[in-house]
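Should a chain be cited, it is by its letter among A, B, C and D, assigned in written order, with residues numbered from 1 in that chain.
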Amino acid sequence: MNPVQAALGRPIRLAVVGGAAPSLIGPVHRTAARLDGRFDIVAGVLSSNAEKARREGASIGLAPERSYGAVEDMIAAEAIRADGIEAVAVMTPNDSHFRIARAAIAAGLDVICDKPLTNDPLDAEALATAAAGAGVATAVTHNYSGYPMIRQARALVEAGAVGELRLIQVEYLGAGLALRVEDMPDAARRWRLDPAKGGPSLVLADIGTHAHHLACYVSGQNFAALSAEVGTLMPGRRVHDYAQVRFTLRGGARGSMSICQGAAGVENHILVRVFGSTGHIEWRHREHNHLLRADTTGMTQIYSRGSANLEPAAKRATRIPRAGHPEGFHEAFANIYADFAEAVVARRLNQPLDPLAATIPGFREGAEGVRFVAAALRSQDEGQRWVTLG
Amino acid sequence: MNPVQAALGRPIRLAVVGGAAPSLIGPVHRTAARLDGRFDIVAGVLSSNAEKARREGASIGLAPERSYGAVEDMIAAEAIRADGIEAVAVMTPNDSHFRIARAAIAAGLDVICDKPLTNDPLDAEALATAAAGAGVATAVTHNYSGYPMIRQARALVEAGAVGELRLIQVEYLGAGLALRVEDMPDAARRWRLDPAKGGPSLVLADIGTHAHHLACYVSGQNFAALSAEVGTLMPGRRVHDYAQVRFTLRGGARGSMSICQGAAGVENHILVRVFGSTGHIEWRHREHNHLLRADTTGMTQIYSRGSANLEPAAKRATRIPRAGHPEGFHEAFANIYADFAEAVVARRLNQPLDPLAATIPGFREGAEGVRFVAAALRSQDEGQRWVTLG
Amino acid sequence: MNPVQAALGRPIRLAVVGGAAPSLIGPVHRTAARLDGRFDIVAGVLSSNAEKARREGASIGLAPERSYGAVEDMIAAEAIRADGIEAVAVMTPNDSHFRIARAAIAAGLDVICDKPLTNDPLDAEALATAAAGAGVATAVTHNYSGYPMIRQARALVEAGAVGELRLIQVEYLGAGLALRVEDMPDAARRWRLDPAKGGPSLVLADIGTHAHHLACYVSGQNFAALSAEVGTLMPGRRVHDYAQVRFTLRGGARGSMSICQGAAGVENHILVRVFGSTGHIEWRHREHNHLLRADTTGMTQIYSRGSANLEPAAKRATRIPRAGHPEGFHEAFANIYADFAEAVVARRLNQPLDPLAATIPGFREGAEGVRFVAAALRSQDEGQRWVTLG
Amino acid sequence: MNPVQAALGRPIRLAVVGGAAPSLIGPVHRTAARLDGRFDIVAGVLSSNAEKARREGASIGLAPERSYGAVEDMIAAEAIRADGIEAVAVMTPNDSHFRIARAAIAAGLDVICDKPLTNDPLDAEALATAAAGAGVATAVTHNYSGYPMIRQARALVEAGAVGELRLIQVEYLGAGLALRVEDMPDAARRWRLDPAKGGPSLVLADIGTHAHHLACYVSGQNFAALSAEVGTLMPGRRVHDYAQVRFTLRGGARGSMSICQGAAGVENHILVRVFGSTGHIEWRHREHNHLLRADTTGMTQIYSRGSANLEPAAKRATRIPRAGHPEGFHEAFANIYADFAEAVVARRLNQPLDPLAATIPGFREGAEGVRFVAAALRSQDEGQRWVTLG
């Protein structure tokens, strides 16, 4: 079932660069890498300060000797280990992606890098060329294309389910810049507000590249041309927080893109709609387990992640093969385990347990459930009479 | 951030009992245990056949010598290891929970067990008493109470946000028994159809105990009395697939519960509604990141997992502290990593890559994104003119 | 198109009994009767006080001589007019339905009556028998069965779209009794709180009969047996505000019904779900223009009022044959007309116009729209350049 | 309650111009005018062919002598009647609006006209000026601004509920031109496809002016400037079916508008979103009874038409002052009346009744409901035992 375990008999040995607290995306990368048991995170560069790198490394479970202060040091040291790293995950500020990815490629390592790949298009081109030349595997975490129903959307478009492509619309609205965060930047956003680090256009780099990739991924086509309004909604702001893009795809379809990070009160809203000659499909991030398809006959079909009638590309991206078990199911399940872990630790260290961790069902609550079953059966057996639960 | 790492300097050593393929819940347990890096799964009993146990253990990454054929053997062997197991996760058919959990408790191990705790209420009572006597930590995976917004619901009810409790409604409808699975049982369901293994009432054991726990968890109260209709919708079926329960809570509120596993076309539908003297709250599994609260003044508020205005109990159960990043975000992100892993393996073993794994964005696609940013800026700078992307 | 106009060359002459302000349902009856131009409301009994009857009659446009103080007087007087009434609409408190409907039937008039038909089952039986004997046309305003998508649901069930019927669920939750209205009854509710007028069980009469009719209408079957919990959620209340009913239909399917008028914060929530051997359908009042159907293959289809793929029974109940034009479209359109009417009156009577009526688009706003069209075309023609609108 | 009845003691006398079958909008105008009893439709021009005008007039209930073949004739003839028309409703193809409205204004009549007001901006300007000069009341049926929750939206924006305006987005997508209707035009669309009648840009005239008005109405501001892409999605089509507009409002906020009539499978989708410095509001046509408001604190409030907490502008546009009674409630109620009318006619003319009209509940079904109430009470009184319904 796990093809890495099957092929190698062990997980791939991965190094992380960046992602120390208070990064938001660092934990996401590590959780994602760990989720399927395909990677072991065995080394990393979590700070350029060697002392801090070691402390942060320890907090994510790295051995002290494999927490490095520089990528170059890590590559050199790991290269001579029998159990050295095989792949590198880059989650640093945008301006350092080029240097790190280039070094990894040069060392023959596979690389997965946060988006945007670089701030400068020539740098990005150089990386793509270098990676192709070296034959290494690469990935950029345009993670929205990882949703099973986005893969279903792509497969449907490819199979002609909407006919000839006519129009694609992508919206990505967020509230990250709705307040004047310039005056109170959290560390996760501070570097983004600096064009030298975050790139020449905050909104385009941060969410525009996601919207662009979604349009390309679902349509299976690259952009041919565009006309863009890029600017700032908040008076006095010096970085871009808004863009409105008209575009055409290589195959001739038209497109529109609305992206905004100053959308007060919005929850990371992403919408993809693809219109063709015979129908359309629509996906919303908020209901990411479902995909709508409608056509000119009045048919409106809802596809559900986990149901039997999906395309292979969607099925293989699904962990729980049952419709109605949304993917947050794992996280809710993990919350029971997480609180249980705190109870285990509290017992072992003889420490008080956080009352907020003490609400998970234990064997006492489990026994209540079994009594409920017995009482319900007794009621049914005795003419559905009311039965008290002692 | 990870309290286990902080306290022990390492994850808790966990053994799994049960959950080999084709179990549906086995992978969920293991993913949940692994998700936060709080547990290492180091030993297990995946079959009573020693050979099969070793093979299945290897497929989930266990060392051969720590894959056992019997729980008793495992407990004895691990007890004398310096790095022996500290906790046991039980995910076997219901009829074996009692024996396994009792053995683990007797060995002083912490235990997390799938629901229902047992088939017989006296057994359940005995386990709860034994666990309390031994002082071990226990948990039952009534996982729906792990959803952040269910925790928010409980906290709101406790804080009086709906006034005095009047009525609680729980629905749990599934389609698992909509077809005559008796004639074509998959392995995951076969034992459930056998009352000796699955317990005296399939629908009550399988989903009724979840519904019961949700009612208790959110209200903070146990059942006082109930009247139940328990039966079978499908003609000729010998196990229960349907129940309708009226109940009262200890505090005097009334309740109703509808549970059904023969609901053709339904996607694991779960609904919880709590009505009080001044308002109500409502949660649906399908939109598990959100919770509705409405009151008699016309106010209808939607709470979102990840937003700033939640109760501490909900916040601590949240991994991505941003509204609009649903929990499936991790899985979508992990899908990028999973496909990247296949590419890494294909390269290392010089094997062809599954075309379905080859759609993730690589550095070529990353470079397209950077070109998009540059083109959009050029368009804006030059009067929003149309710019071609070479 | 209007079959009454086509057959009679004029609308049917209707009398109304009851419905004077502050009745909520009176205006609904009159609007519904008038909506399609099939009825002229030409006579009525709006009060037993002759003076008040005349005043209230005038306010709904009745000629003074056709506003009566008693049903018997109306029937006698109208019988000798060449243009006398042909049908009677009854919208009085429940306890008077029997007397009024019996008199109308005896006079050979067709009768449409608000629900419940009577408070006493023997009275209802007598009315049904009398109407059948007299051969008059009758209707009871179980209006939810008038929704096009409920008719679609009935037609789908009849056509076997969900297979053999297994389970039907109806919910009807309202907030009308969520507050202690006994202490501050509005006139529309006061008589309902008096069992002598409203009948022996408020919740059953008021909304239970609607839920019962929906179950029967959609399934095409009557109830065979039931078990009911009927009671009161609010402490100290003397009328019923809550019921939970288990039932079986004549064909053997099971059912459940949850009805409650003390559901604080709920907006008149109605849900109908019908499960069969191959799939189910679901309808919610809140989204009454749509009907969901799902089956065991993963197919989930949304039917839309106004789309081409509906059953004849649904199509003929549809006024705007275009999906996406919800039925409130008429009311929104009528709001423009209503405010325009106020402007017409203000001009004719030389009175100031209510500023709240002055926001509708006039010719000035119409001209702005035409300028918008011209500006958009100019922009496109001139390279999509920015054009100012003077 | 009806201010026209209160002020004039009778409805306003209205003439209709246009709207004969198979017009879609004709019946909507007439239903809207009639809905509140504020207008009597007493005269009309339904065709320029006198014979056809009389026949069509009869079908909507006009007296033969008040069905005219030309607007000028109607104005002249009605002017000398004591009960002559007071207002004119224009629902003809766009190119005739100017001539008809000008004649009505010149005669001192109040005028309500379908949109767009004219095809030519100078004509529109002339009409607006003439109407202002004559002091007549005018309205253009930009009917979406008649929805109560659009009025709530405008009132909220005006009251500062979203802070300073930053961005407004309007979408209007329809499927009317998704198929090649040029090859199979229904009569309602044929004139629209002719630029001489429908105006220079079909999509802008037909739905663009609605989108434009919604932006202006909700923001309370006119457009300052715009940049538009206007074109055609369907290859070979000669009329516009698509536009993408960037705009600024007078107050400085930005805006975007997406309009398309070739959106295959879409149901008349309209969306309005207004973002300000502290929050935003969102309205969708599909859920027109509700309005969402969210702000930067995590508050997400849903306003419901009919609830107590609305602005006066929304309340006065509401006919059923109870949340959860959507406006289609009237139409569903009217369907009961409509089928009852057919039964009345069938009886009077001794004709068979259409079986599709025979499904409404009659007194027999009413009696079943009363029996249900009695059975439920008996069950409760006798220990909630199962009771059979004879």
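Rule of thumb we're sticking to: a residue touches a chain if its C-beta (ideal position, glycine included) is under 8 Å from a C-beta of that chain, and two chains touch if they have at least 3 such contacts.
Computed from a predicted structure; not experimentally measured.
> Please identify the chain with the largest separation between its CA centroid and the CA centroid of chain B.
D
> For the interfaces A-C and C-D, which has the higher count of C-beta pairs in contact?
Ranking A-C and C-D by C-beta contacts puts C-D first.
> Taking each chain's centre as the mean position of its Cα atoms, how many Å separate chain C from chain D?
Going by mean C-alpha positions, chain C sits 20 Å from chain D.
> Approximately how many whole Å separate the CA-defined centres of chain A and chain C?
Chain centroid spacing, chain A to chain C, equals 48 Å.
> Mark out which residues of chain A touch at least two other chains, giving numbers and ranges.
227, 229, 231, 246, 266-267, 299-300, 304, 307, 323, 384-386
> Using the touch definition from the top, list the residues of chain A that touch chain D in their complex.
162-163, 166-167, 169, 175, 178-179, 227, 229, 231, 233-234, 242, 244, 246, 254, 256, 258, 260, 262-267, 275-280, 293-296, 299-300, 383-386
> Which residues of chain A touch chain C in their complex?
Of all residues in chain A, those touching chain C are 227, 246, 297-304, 307-310, 323, 384.
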